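Only one structure is covered here, and it is reproduced in the block below.
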């Protein structure tokens, strides 16, 4: 029997192909990186917790509310909260909605298909009728513009979809931080393995959505729809947010004649893995909101590190973004390892080759990404 | 009282010179700060006590000195010199404030700065032409050293060039002053005495030519200006601030006081040519500025263009234009001081002034956003944005000069239009766009460095919104400059 | 109480300034831990106060005569300059329009810019914008108006430059400023001239002066042309029209204001200066020619745009062209009506497309489609805005047009043809846009497009309702208009009778043509050479920018390079070097530093001293000067 050995990859990013094949993350392994990644994921976990709670709250309690003035209050409206809201001393839930809308817009996965299915439309129409049953104006408006409230309902489904997805991610990141504090996380590979394990564990977790209107429950996404965590929200999320993203008005011209934005959504490269961290904090750069939210929840060790590098507090959002990008490459590594067609430790040549093709095709997309910069620092 | 403006900084300089040198000591800087603060405060106090209602010299001091020569220590202040004296006080304070704390040979440096301030104040206050000349010459020496020792790579070249030009300027002035005294038979150099002499037109023209060219080198006008861009490029930021903000004003001040003031009849003869000269100089400065790639050179050529407006106003010699010339001196002093200060910050942080290299400095986290914002306001003031001092000065210059010389005035207006062109080309290249990775590691600017710029911007706004606060000092005296020369033709068709 | 509001009307612009000023703690980064939204709320509040103040004054004004408030700003010698505002129904109406649209745009921006961390700066600039605009509405002095126009130019620069890191913004902001600045400088020349010829600079003084100007016709013509240059730049008229296209790089909420009240502000100043234009027919002719060229050219250019914002912004230029024509024909009422109806309709249109841009992450109309059923507010706003813009019964522009052609004014036949043409092309354009954006099958970028959030939908709906109410407003404000019928009414009955049917037919025909022309959603282009040539010609604005690049821009840049070269090698290298060579001999002129620089200084100072002494003791000076004075005398 002839044992065929897989030759080294000739891909421009061959280094990362090989790392992934060995079950290692794309991010270089050193203590500095581990500290930064775990620290940032801790604060990200806290922020995601808030985002997720809010998205779920909006989906459940603000169903088709056309003037959701208090949608960021999570049901707790009082003078103090209002004061904080007006002083902008709060989490920037706008960013969560921005991610939700990007995900909704880019589509893909089972959730995207399900909100177009007759089952969903049927339940949605019942829910809409129930929601506006005493409002002939809205009902006639909905007749005039038949997809108006239906599209809003789809968006509500995405609210809850992303909310439930982030619920899992938040818990996973906070657990990672706890394990790091307990001394169990020593390398970037440990980080990736932790994430991979959690993703696999929750892969089949069902995503469901029901609203209660007038005492009746409407199962917009029943468990029977088979919408699952990993394939129907996780993968589309990674695709929409990490890879594609949306063009930032602060760095890309929307001028149609200048044709800076490609006509195909699938060729967008504005996602978290590609974005240049330097413009963070400037005008027209939405991720600034996330960096701003995370700055409040940095663990002490990370805060100390930022304090003594660069301009300490003044450019902290750029530094957070640089660190965040590192962590996102770890998460992406874990996701790719989770999605790889064959086990990584397979001895079968064909399987290895399939894995190679799989990784190389993803690396093709990562050529213009920040991966080299992330590993330079 | 006035003498304090000259002697206070000299005493300060002396103290700095005699204190024992210490490693890493901030003492010289602190002494210089205190001294210049006192001088500025004293200047303000004099301004408050100055009676604007009466035109003419006030706070006069007279000490006989070299009597056989006719040279006396005659100093006084009037509406023409008062604002410039205060400007000198303010900008010297600013310059010392922004001087680096780690500067090498600090004792020499700060002593020179105070010496510079003393001599410039002396020149503004002197009422004896020879005394003026003395101060005018003394001022060259500290400035020469300030450029030659603390300058850039080609500082020696620039310093010598500056020295030669200014020396020629001095020789011409001296020749004219002496000529005036001797030809008129007055055995004194007192300004007021010389004012009342009468000479044949030919001698007047000759003497005036010496004065105009002499001060023209200082101001500077085409074609005597080439020392200025070099000097600015090589000089350190505080020196540039003083050079553009105050020292050039010595030239225009002299032009008004000793050119127009002493030779009114000859002035009215050459005025049409001066107006044309002003227009050419303004357009020339502006078009040279467009082609520059060094931020400092852009500002330097812009100085040439804006100083030419003063020549236009002086040539027109209407009550409005002369008051406007004085305002333009103040506003240009503030604006050019501000711009050089900000360019200095950019240079200090990035190590470059190249408009083709710098990019995206408005970046709020890693760039110089506040500096950029102040710079935008500064160039807008320079381009004559209403609401800031530059507009008042330029509008009044054009309004005052149009009657006398419509075509040169309109050409100068085109020059104002070009100001926006070269400054926006610069601003949009340097501050707009995406910050490049090479520039992403610069140090932040602390508020102390930017504080003087903020003050200057606020002043520009105050004077722009309340122009009377600028005009009130000098209106009576600038009007007095031309009362003896009622024959200056104010016809609408003087060029036709 | 109402007196108080009237006499303190100057406060309305000041509210905007205060709002802008209060954003500083956030925009300069003094407050970093919490977000910048309070700055937005403060500005909204100030705008609201300004709106309420203006409304109160407006409703109480009907019974009092126009009055002027004056503040002496500066006096030098015989020159007295005052800042004057006039409280009159027209001015207050204009100010109401400004504050109302600013208020809507600012609420809209709260939604549109919600993901932007720099909204403090944005709202500060909007406050400045609003202050300058509302000041312009009530200004009664040319000087004040000029100042405010310049501030408008400046804040346009900053607002277009808001996304300063975006590559096209860098040039767009610069070009917007410089283009407007060309007009402003010419206007300043005109003001300097006017003031020099002895008139005060308030509009009433100008009117009195213009009755009998001490100028030759030639000078009058130049003066008139200089004075219209400012508005030409502001209103994006040919040949200073391109900045508006480029300014579309800026954020949409600023675009709402820019395409409505900012361009109108320029026209408003234009019609305030109207008495000066009557001095000479050259100015009115120039206005009409410029207006006609722009109206026709911009209407055609708009047809070929694939960018949703630009398709509408060129139509703004076209409508301002009509305003120019109205002013040129001395028909101030029509100009005012056009400004009003255009502004409100355009505001709604721009709000509508703002929602679309946000939802589709693009501005390319060939990538859109099928949005109507999901976006009721946006769709309605677009339809109503379009209806308000074209001559369609019973919406705003219909009544304006009717007033123009129904015999109260002289309506030359060419004007009617022009109006028919503009109406026809605008209808085609808007129909074309509507088809591409809202009808048809959803494309990938419009596949998911939920209606915008309430912060954007609310001002959109309000604007829609406002557009529908315009006819009622017009009815109410008719009192402000003159009602004397044209004297040759009877001689032109044919035109008068046919005018409205023709206009309406043209609009309807435009809709039909717009519905029937084949629209390709892909980027494919006509294969026929001529068609392609025409499409490109229009799409690239008749290549005016390239024409500029090869003329003015090239000239200035080459000239400046030549000058800089001359400066360096001729003036510095040759003239000065020769001069010094004769003075000092060869050693010093290389500007060498041989480590001996201190030596030079000593040489010079000592040299001067010696010369001085020698001359004085020997009395040479007198001899020399006597000689020369004899020679020259």
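As written, the chains take the letters A, B and C, and residue 1 is the first residue of each chain.
Rule of thumb we're sticking to: a contact is a pair of C-beta atoms (placed from the backbone, for glycine too) under 8 Å apart; a residue touches a chain by one contact, two chains touch by 3 or more.
This is a predicted model, so every value here is computed, not measured.
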Requested in this report: Could you compare the number of C-beta pairs in contact for A-B with that for A-C and name the larger?
Outcome: A-C
Report task. Return the chain whose centre of C-alpha atoms lies at maximal distance from the corresponding centre of chain A. Result -> B
Query raised in the report: For chain B and chain C, what's the span in angstrom between their mean Cα positions?
Result: 36
Query raised in the report: Just curious, how far off is chain B from chain A if you go by their C-alpha centres, in Å?
Result: 59
Report summary line: Between the Cα centroids of chain A and chain C the separation in whole angstrom comes to 43
Requested in this report: Give me the residues of chain A that touch two or more other chains.
Outcome: 251, 279, 281-282, 314
Report summary line: chain C touches at least 2 other chains through residues 29, 118, 164-165, 167, 169
Query raised in the report: Residue numbers in chain B touching 2 or more other chains?
Result: 362-364, 434-435
Report summary line: The answer for chain B against chain A in the complex is residues 362-366, 434-435, 437, 440-441, 443-444
Query raised in the report: Can you name the residues of chain C that touch chain B in the complex?
Result: 28-29, 73-79, 118, 146-148, 150-151, 154, 157-158, 161, 164-165, 167, 169-171, 173-174, 177-178, 181-182, 185, 188-189, 192-193, 195-197, 556-557, 559-561, 563-564, 567, 571-572, 575-576, 580, 583-584, 588-589, 591-593, 597, 600-601, 604-605, 608, 611-612, 615-616, 621-622, 625-626, 628-629, 631-633
Query raised in the report: For chain C, which residues are in contact with chain A within the complex?
Result: 29, 32-38, 41, 114-118, 121-122, 162-169, 248-249, 251, 305-308, 310, 357, 359, 361-367, 372-376, 379, 444-445, 447-451, 454, 457, 523, 539-540
Report summary line: Interface with chain C, chain B side, in the complex: residues 69, 137, 140-141, 144, 148, 156-157, 159-161, 163-164, 167-168, 170-171, 174, 178-179, 182-183, 199-203, 205-206, 222-226, 284, 287-292, 318-320, 323-324, 360, 362-364, 369-370, 373, 376, 380, 383, 385-387, 391-392, 395-396, 398-400, 402-403, 406, 409-410, 413-414, 416-418, 420-421, 424-425, 428-429, 431-435, 467-468, 471, 475, 479, 492
Query - Residues of chain A touching chain B in the complex - result: 251, 276, 278-282, 310-311, 314-318
